[in-house]
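Each of the two complexes below includes subunit A, the first together with subunit B, the second together with subunit C.
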Partner chain A sequence: MTTRTTLTLVLMDAPYENARTTTALRLLDIAARRGYNVNVFAYEGAVYVPFAKQAPHPNAVHGRDVTEEDHPNPKDWVAAIMAEAERQGGKIDWVQCGLCVDERGAAESIAGTRRGSPADLVKFAEASDNTLVIPTK
Partner chain B sequence: MAKKVLQVIETAYRGTLEEQDDTVVWLTQAMKGSGLVTDVMLRGNAVNYPVSAQDASGLAFGERKQTQPPRIHADLTKLLEKGATVYVVRDDVAARGIQMKELIGGLTAVATSEIPGIFAAYDQIWHW
Partner chain C sequence: MAEYLLIESRDPSETTEVGYFYELATGLAQAGNRVTLFLVQNGVFPARPSVQSHALGRVAVSGVQVLADEFALRERGIAADRLLAGVRPASLEVAVDRLAAGCKAVWH
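Moving on to the complex of A and B:
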């Protein structure tokens, strides 16, 4: 019997600020494609990564309307990664730091995420093969 | 057996006035309370955290006075009281002109050259 790999990622950056968010999601995507179980603890600004009210916009400088622009919203990337994980038999367990959500008014996050606390990160770390922290610098 | 995790804190003063603490020191305190076996290593600019004379009080915008400033050195003392080891990298302290006597008591001062040996004693290193 093979044991499914379980990883934990701790994210800290808010979206649309630097390349670390995209890099973290690319790592998450690779893990999902491999059928790994991945726990995500979204801390501080990272609770806005799956924020449900993100909206695409047109871009006059690019000369494109909203459809042509295909503006990326990280919440859609997260949803796509979750769907990929499910297709591959794995799971993304995404926990939003509750106090971080409250102070930012970021309670509305996409389906598949849940509110939690540092106790969840402890459980994640104990149950994972490894943990990677991707902090704000 | 429980994993032993070392929190290496290098990025310092990241939103500390808004958060009223260092969020990684806070997270470490919370996780220790939830049973994680964990210690802290302060390096880089974070070696200023245990300077006991620092005072972030007095912030005010218009008539709005902020009454509860971060007290990170006191938070580190609490962590020590909970049984955590708090390492501080002596070379980084010296490079910033800080005297060891300016720091809170109970810290474990280490040289940069000792860090690999310390890492080897932990299951995981979380670098913040």
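Moving on to the complex of A and C:
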């Protein structure tokens, strides 16, 4: 019996601000496509990455309506990665730091995420083949 | 011997910390470890030969494997066939390979 690879990623950046979010989601996507289990501990601004109320918008400056603008929202990418992980037999266990959520009023996150604490990060690290922390500056 | 994956996301013109990260990579390699320095985001800029490339060039001849994210190179219009000697373009898949293999991973 083979054991499924488990990775933990620790995210700190808020969405729409830095390429770190994009790179983190690319890493997550690759792992999901491989069928790995991936734990994500999102803290500080990163709790807004799967925020459910993100909405696409038009761009009046460029004269594009909401469909033409096709504004990407990271909550949709996270949901797609979770779906891909499930298709491949893996799982994304996404924990939102509860204190960070409360500070920011970010409780409404997409399905598949859950509230937790730094204690979850310790459990994740102990149960993983590897952990990568992606900090802000 | 340990294996390290050092991920550099910043351009040396942004912060002098990048130089310290390069020194960390070189030092770990000289201590007998297997080290991969994976450049992502603006970290790929010195892979294009320029005045900012000398420090990275020294890393590349110190026993450190230096890889540059193909996606980040394309985003910045840096031709993958005109990189600094010793720097190779690579898919981000390689970073995931290293993580899955249990390399000690540090992001900067």
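Here, the second predicted complex is superposed on the first by the 137 of 137 C-alpha atoms of A that agree within 3 Å, B and C clash if a C-alpha of one lies under 4 Å from a C-alpha of the other, contacts with A are read in each partner's own complex, and residues count from 1 in each chain.
Throughout what follows, a residue touches a chain if its C-beta (ideal position, glycine included) is under 8 Å from a C-beta of that chain, and two chains touch if they have at least 3 such contacts.
As the structure is a prediction and not an experimental result, all values here were calculated from the model.
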For this session: Could you tell me whether subunit B and subunit C fit or clash when both sit on subunit A in the superposition?
Result: fit
Problem set entry | Touched partner set for A:Glu44, first subunit B, second subunit C, both or neither | first
For this session: Could you say whether A:Val133 touches subunit B, subunit C, both of them, or neither, answering first, second, both or neither?
Result: both
Exercise. After superposition on the shared chain, which partner residues are touched by A:Ala60: those of subunit B (first), subunit C (second), both, or neither?
Worked result: neither
For this session: Using the touch definition from the top, say if A:Val122 reaches subunit B (first), subunit C (second), both or neither.
Result: first
Seminar exercise, completed: Rounded in steps of 10, the angle in degrees at the Cα centre of subunit A between subunit B and subunit C is 60
For this session: Applying the touch criterion given at the start, work out whether A:Tyr36 contacts subunit B, subunit C, both or neither, answering first, second, both or neither.
Result: second
For this session: Considering only the touch criterion stated at the top, classify A:Ala111 as touching first (subunit B), second (subunit C), both, or neither.
Result: neither
For this session: Name the contact category of A:Arg20: first (subunit B only), second (subunit C only), both, or neither.
Result: second
For this session: For A:Thr5, decide between first (touching subunit B), second (touching subunit C), both and neither.
Result: second
Exercise. Once you lay one complex on the other using chain A, what is the shortest C-alpha distance from subunit B to subunit C, in Å?
Worked result: 5
Seminar exercise, completed: Shared subunit A footprint, subunit B vs subunit C, residue numbers 130-131, 133, 135
Exercise. Touching subunit A in the complex: which residues of subunit B?
Worked result: 2-3, 5, 11, 14-15, 23-24, 27, 30-31, 34-36, 124, 126-128
Problem set entry | For the subunit C and subunit A complex, residues of the former touching the latter | 7, 9, 40-42, 71, 92-93, 95-96, 99-100, 102-103, 105, 107
Exercise. Hey, which residues of subunit A end up touching subunit C in the complex?
Worked result: 5, 7, 19-20, 23, 26-27, 30-31, 34, 36, 129-135
Seminar exercise, completed: So, in the complex, the side of subunit A touching subunit B is made of residues 10, 43-44, 117-119, 121-122, 125-126, 130-131, 133, 135-137
